[in-house]
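The letters A, B, C and D name the chains in turn, as written, and every chain counts its residues from 1.
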Amino acid sequence: MSAVLTHPPAPPAQESPGLWTLAWRRLRQDTVGMVSLAVVAFFLAMMLASFTGLIAKDWARERGVSYANPSFLAGNENLEAKAMAGKQAAKAPPVDLSDIDPLAPRYKEWEERAAKIAVTETKRAETLPFGGDKWGRDVILKTIKGSEVSIFVGLSGALLAVVIGTFLGAMAGYWGGKVNDVLEWFYNVFTSIPYILLILAFAAVAQATGKFGKGILSIVLILSLTGWTGIYRLIRAEYIKHSNREYVKAAQAIGATNLSRMFHHILPNVSHVSLVQLSQYTVGFIKAEVILSFLGFGVPVDQVSWGTMLAEAQNELVIGKWWQLFAAGASMAVLVTAFSLLTDSLRDALDPKLK
Amino acid sequence: MSNILEIRDLRIAFRLDRKSEPFEAVKGISFDIPTNSTVALVGESGSGKSVSAMSILGLLPDNAIIPAASTIRYGGRDLLKTTMRDLQSIRGKDISVIFQEPMTSLNPVFTVGEQIAEVLRLHMGMSPRAAAARTVELLTEVGIPNPALRVNSYPHEMSGGQQQRVMIAMAIACEPKLLIADEPTTALDVTIQKQILDLIAKLQASHHMSVLFITHDLGVVGDIADTVVVMQSGEIREQGPVKEIFEDPQHPYTKALLACRPRLDRRPVRLPVIDDFMRGDGHPHHLEERKRGTSPSDPVILEVKGLNKVFSLKEGLFGKRLVPAVKDVSFSLPKGKTLGLVGESGSGKTTVGLTLMRLHDATSGEVLFEGKDLLRLSEREMMAYRRRIQIIFQNPYASLNPRMTVGQILVEPMKIHSIGKDERDRVDMAFQLLKRVGLSEQSFYKYPHEFSGGQRQRIAIARCLTMKPDVLICDESVSALDVSVQAQVLNLLQDLQDEYGLSYIFISHDLAVVKYISDRVMVMSEGALVEMADSDEIYRHPREEYTRKLLSSIPKGYELAPQPS
Amino acid sequence: MKKLRLFAILAATLIALSPAHGAAEKKVLRMAFRAIETGFDPQRIDDRYSVGICENLFEGLLTYDYLARPVKLVPLVAEAIPEPEEDGSRYTFRIKPGILFADDPAFKGVKRELTARDFEYSIKRFRDPKNRSPYGWLFENKIVGLDELVERAKKIGRFDYDWKVEGLEVRDRYTISFKLKSPDYNFLYVLAMPNVVPVAREVIEAYGADTHAHPVGTGPFVLKEWVRASKIVLERNPNHRGYELDTRYADMTDEWDRHVVEALRGKRLPLLDRVEIYPIESEQPRFLAFFNKEHDIIDETPFAFLNQVVSPDGTLLPRLAKQGIHIFREEQPEITYIAFNTGPKAEGRDNPVGGYTPDRVALRRAMAMSYDVESEIAVIRKGQALPAQTPVPPGIVGYDPTFHSDAQAHDVPRAKALLDMFGYVDRDGDGWRDQPDGSPLTVELKYQANGEEYRQLAELWVKGLSEIGIRSEAQAVIFSDLLKDKKVSNYVVAQSAWIADYPDAQNFLQLLYGPNTGESNEAEFKLPEYDRLYEKSLTVPDGEERNRLYREMDRLMLAYAPWRLGVHRIYNHLQYPWVLGYKKHPILYTNFKWLDIDVAAQKAAMK
Amino acid sequence: MTAYVIRRLWQMIPTIFGVILLVFFLFNWVGGDPAMVLAGKISNKEQIENIRHQLGIDQSYVYQLWVFVKQVFTFDFGRSWSTNEEVSHILLTRVGPTLTIMVPCLIIETALAVGLAIGVAYVRGTLTDRMTMMICTVAMSISFLVYIIFFQWLFGFILGWFPVQGWSESFWRNLFYYAPLPIMLAIFVGLAPELRLYRSFILDEVNQDYVRTARAKGVAEKKVMMKHVLRNALIPILTNLGILLPGIFVGSFLLEVFFSIPGLGREIITAVNRSDFPVIKAVTVYLAVFTMIINLAVDVLYKVVDPRVSFK
């Protein structure tokens, strides 16, 4: 080994494909996978655009009459809007409070100032592109805005669950022994309670006390704190399998530390499992958000999610106002379908042995 | 002598995905299987031998394409074009198959009796009672002890050899005219392999059937085959009577296959490799003998005293069951020499290797390296010694991290042990080592999955060399490789020993390889040391019965096999 | 295949044999409750659904006339309504002799007559700590000697029912005299409450903790079957003496009264053999059950389906009218409101909306004006509500239909002007108004979780505040915690509502009485002038004088704005034509006692 | 075998204790204060203290935990705070309706899923297979809520085929009159994911070596599927059933709410809204114990379907 190489040869012009690159190539071959990816990307872009205020910023503006018909059903009778219109009974003269009112000394100034503040009354539209909700808000904009919360809850909940599950699974699977015993105990406790019950219990408590944070954050926490178990189990199994693999033994033989073996060597080799789980859990959590919203947990009143839309729309079908139910239900179905198909394609692409 | 099966211009391709061209695995082969004789189909992995055999019974995966021009004629029919129903009446009755992995090839949820009876009832129309009776007879015939009881066993309750016997019983149940044996002994220990080979040979004779024997190991063919067909890369290189193939091989590939495998009776300085034949004049070089052996005066680099390793399994209410894997093993490794460690599966040989590297915690004993007991060192103190004992594993596909480039794999240990001044220095060294183990410089930027098995084993060797170790443990390091590749890797190991004075502990179940590479050989069985002696000594004059049994099971090739009378 | 057919036949047979088809000529009324009942121990419940069932199982001293509007007290088991004695602090009742309890094993086969002792015992039960009676407050600091009994129970660890309470004086078998600590002209209303009814001591003691499932009273019905949260079945009490419709107070110009009188004239009541009640919480199935004729009446048609029922002018849709369905519109004796915490602290921090200084009053008034109650009525309540003008709802003694104020009218410019005037302007440029001292202002609303309606109301509130530039947050809180938070002033702004316990304005105006802070005065409203007026009103019997005091209190409430007044809801009750004698009573929740069923028409319609 | 069962039961103890701790943590430590609901519209501090005292929630956490542990092991959770009904009685009476929905649902769903899975696995790779899988994916993607709202409207309102609510005391009437629509909905929702899962189980087996052996024996393809493959696929299917089984007690809660079925799921929702902790705690703990027992039973059942399992 005496010969000294002055210049190491340059890397080849065409980069050598790693496993991720190969997986990406396989995914690109998969038409269904690519279409799904495009749909998911579209929804994500929509969510981001809505988040940054590029679109659907004034979704809350009441553009139309109550339950405005969709444009393509312009002729339909709208009983709800009629019911609202023109209802004002004649009133007796108002009671005078001036003798006891602490504000009475400034009545005059009040009137003058009030007169200066103009109010703009907008004309409400009879129809909206895809109909309006009960306040007359545009259902399309509402659906777009709703995607923001739903996808955020799904993605971040899944991300958190995957992080928790992966970390704990790695600990239990790699270390075994006492660490494993304690984590398995945790796992057993969490999984022996039926999942729905667990979510309800957490939700009830989160709601009652606010100890899991407010609003959306609490949903994310509820879902991830109850949902990590499945990922934990998978990752633990992977870690047990990989810890005994020869490449890990080899890493130990060359003196790599435990931390390095756990995260530098094994993690990249099991991360595809986490990735597939992430995608699967996102789907599950988007669906779970709907149920939680229906039960009245979570999303703050000044925000909208597909779940709150469905909860709102539950009684609208019978009165013939199907569009909100359809818009929220269908957008969710499209996204979730795309996500599920993408999950399948990802799984195939990342692990070609599984078919 | 008529032919039971005639294969003509067989071509098989696989459609991998919609976009790329089908991959051609078999490229127009033709051969015959004569009645009442054994044909051996020999070839290394990827030669298309198994695929060809599976096509006979239409057992190929769905994505296989066979052109109309190919034919497999059996009893006046073309098996490639007959109906599925027709084929099903032939399968298991006229032509039956045994596979490489008996464990997975038997259905785990049915008893072996049920599985054998199924084929009897299906093809022979036997009543359940008659089938059951016949099953016991068959099990007796294939040499299962206590068959009346074992009928009710599930496959997992039997050993690998017994499972393969059950497969054979199933295959011969309907008195087939042709038995296809697809690497039936590869997964088995050498002693068992011998028994199974004998059994197949015996049954072939007694049942007057033909056997198509598929194997990668030319060594086992000599014992049983009448005709040999040598395949490489989907083509037939040579076919002929076994005698001609062994005594007067024509094709260089056949010659190479015969020569590459280490032999018990010779020990050339370097093993002939395939390129010597393919490119050269068809004659092997380097045939001068190498001297092996140790002397008491050799300096000892590693000494193991009373090594014990016990695994504990949880059992019962609070119980633990202690399973001893290594029992009181002591040996010493002379500097610059090779210690061979032989034994069948479960003998504890691998555990010894892992334990003395502290990849397992030893239960008791000492491992003295330059007088320091490695087992007593703290993790931190051990670091200094880690790099000096290195290991090369069996499976070249599993021992390299698939997510790291070869460069990263090679540089990492140097970084850990602060070898080399800086990153640049380490990269330089990695390039040199790659060159040394015979890989191109471009390999540095590639991922392990882009290499073949032999190349990966070279990368693993290079990784060890980055740390400039003194002792290298080779744990079945060449067992998974094809013979031709095996020879190259063995040569590389030998060259490195000659060059750097490395000491090897060479663990293998393959006695011929151990004999070739070792100065001293240690035989293990059930965790204990059976016998230890210089390699020539132990092969020539085994003292223990177990050693003798092992040695006698080694396939001897054609010349040492009893000549057909 | 054959097996499958057999199975189908079997299934069909089973369905045909099932009991619903076997109910021959019995008069059966089927309906839903919109919430789940608690149980039927009258002293231990306060939800209107459970109490509604008790109306039919038990009988108190007094009740309300079925037809009289405004409501009118009439004797039930008492022989007559007593005159107040000792300036309204003593009331003496004589019970009709011969009234029998329903049969129960606890009576060991003996017919059991109702006596004055039963009233004494039942009133005491309200204060037994073991019963945790939600209406215990009715008799707290009210009856002479009763509070002492409670004190004694604390000392001896046992509630001694045999202890003599001076204010519950049993003069003979049929006579009981109540002595109150101070004059109370509303006490008779308390005795007309469907909870303040006699239970038999031996029954209560026989069933121990299971009294909810064993209601035994003197009412016209008995509890035949009870599958909790699923089915309540009442059947006629054979021991009941029967009664006839009292037409004295009927208003024959009123269509409903006319129908009732015609349907029930000369008939011996009760007429129903069986009443089946199904608690259904979801609106869609409850509505569909009526629509599919699985039920005969639907009380409180869900707002969401209202437009399927009534046209915008409030009349029944022709489609339904053709089927002969009737609609009864009822203004509820209840009020919804948004309470402001007027105390100094909220959740332990400085309360930005509390206090009586002009700027805080202005802030509350401005917030009240920002809320668009008309939208609430039109959109959330589908027009089925009246905007509240005072805390007192219609149908309640003391309600003034002419009282009208614009102090809380939705008026964004006026609200903004007011905030500008008192220094609530955006000082840090974040687009939201800050407090006059420059610190940021955020108003937090607590609303009840698990209800779409509450959520929408909260949404409307937040929207209103944001229109006038006040930043707000809304937090959903489960019912129990909301109650608690309001009681211990752990809130800034909160949703609230009150329904009449008895039909007098006092029941509502006490919600703002200073000393009630920590109990019912959630707003912690402590205005000496208001308290003085309230105390005075207690000593005055119903009349012009008292109405004037009430009106003054209403005005103070509007000026200082401890509440944003909400609405009085209107409910729409629907009945199929075979339900006869229907009229909804504002205080009593059920009217089974007066209903009849045209069984032939019912059967014909269900075919 | 006995030793195995005993060991498994022994191992349950720490888990049960963990469940108790978790439930205690959730409800006694962070949960709301139920005294307010029970105290009625007008109440003072003293009354509330009285109620808190009677419920035992004014005691120290350690004492409350001790009481809770005692309740668990004596099977006596006392009475519901809001309705005073015995908790054991609540559990016993609410289980029936839930099971009336969920047991037929589970049976039909599993039978359908396994049958269809074999079907599509048999024609794997064909258009039928791909279309079925696609339909499954889409069907899985629609919210349960949408299904319930839509089908209740369609079948109960527009078509009027089924009652939209109700329950009787007659089991048969419940099963054939009130339950069909909820059962159908539950199957509709549950079928797609199970079909996908079971198909993958079967395909995993199809690629095993022993299937090749069976074919090499001359066994017809259909029989290979129905005998060799199915028998092996039963093992993961059984595992999955083990996972689903505990869900039958609360899995139908949305259906119960929408169809007013007096089942356990609806009871829990009611209890959550009323802060009726004894009920939630009892349901949670006992369902957890039940889940563990189911898991044990499934593991023992493995022995029947998988001879490789040994109880060491």
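As a working rule, contacts are C-beta pairs under 8 Å (C-beta built on N, C-alpha and C of every residue); 3 or more make two chains touch, one makes a residue touch a chain.
Because the structure is a prediction, the values reported are computed rather than measured.
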Third chains touching both chain C and chain B: A, D
Between the pairs C-D and A-D, the one where more C-beta pairs touch: C-D
Centre-to-centre distance between chain D and chain C (centres being mean Cα positions), rounded to whole Å: 38
Inter-centroid spacing, chain D versus chain A (mean Cα positions, whole Å): 25
Centroid spacing, where centroids are CA-atom means, of chain A and chain B in whole angstrom: 52
Distance from the mean Cα position of chain D to that of chain B, given in whole angstrom: 49
Touching two or more other chains - residues of chain C: 284, 288, 450, 478, 480-481
Of all residues in chain D, the ones touching two or more other chains: 32, 149, 153, 157, 272, 275
Chain B: positions in contact with at least two other chains: none
Chain-chain contacts as defined at top: A-B, A-C, A-D, B-D, C-D
Interface residues, chain A side, partner chain B - complex: 1, 3-5, 8-9, 11-12, 15-19, 22, 29, 245-247, 249-256, 265, 268-269
Chain B to chain D touching residues, read off their complex: 57, 59, 62, 84-85, 88-93, 96-97, 99, 101, 104-111, 118-119, 122-123, 154, 156, 167, 170, 313, 315-318, 321
Chain D - residues contacting chain A, complex: 14-15, 18-19, 21-23, 26-27, 30-32, 137-138, 140-146, 149-150, 153, 157, 203, 207, 246-247, 249-251, 253-254, 265, 268-269, 272, 275, 280, 283-284, 287-289, 291-292, 295
Touching residues (chain side chain A, partner chain D) in the complex: 185-186, 188-197, 200-205, 208-209, 211, 283, 287, 290-291, 294-295, 310-311, 313-314, 317-318, 325, 329, 332-337, 340-341, 344, 355
Complex contacts: residues of chain C adjacent to chain D: 11, 14-15, 18-20, 32, 36, 38-39, 41, 44, 46, 129-130, 132-137, 140, 209-213, 225, 227-231, 278-282, 284-286, 288-289, 291-292, 294, 450, 478-481, 483-484, 487, 498, 501, 516, 518-520
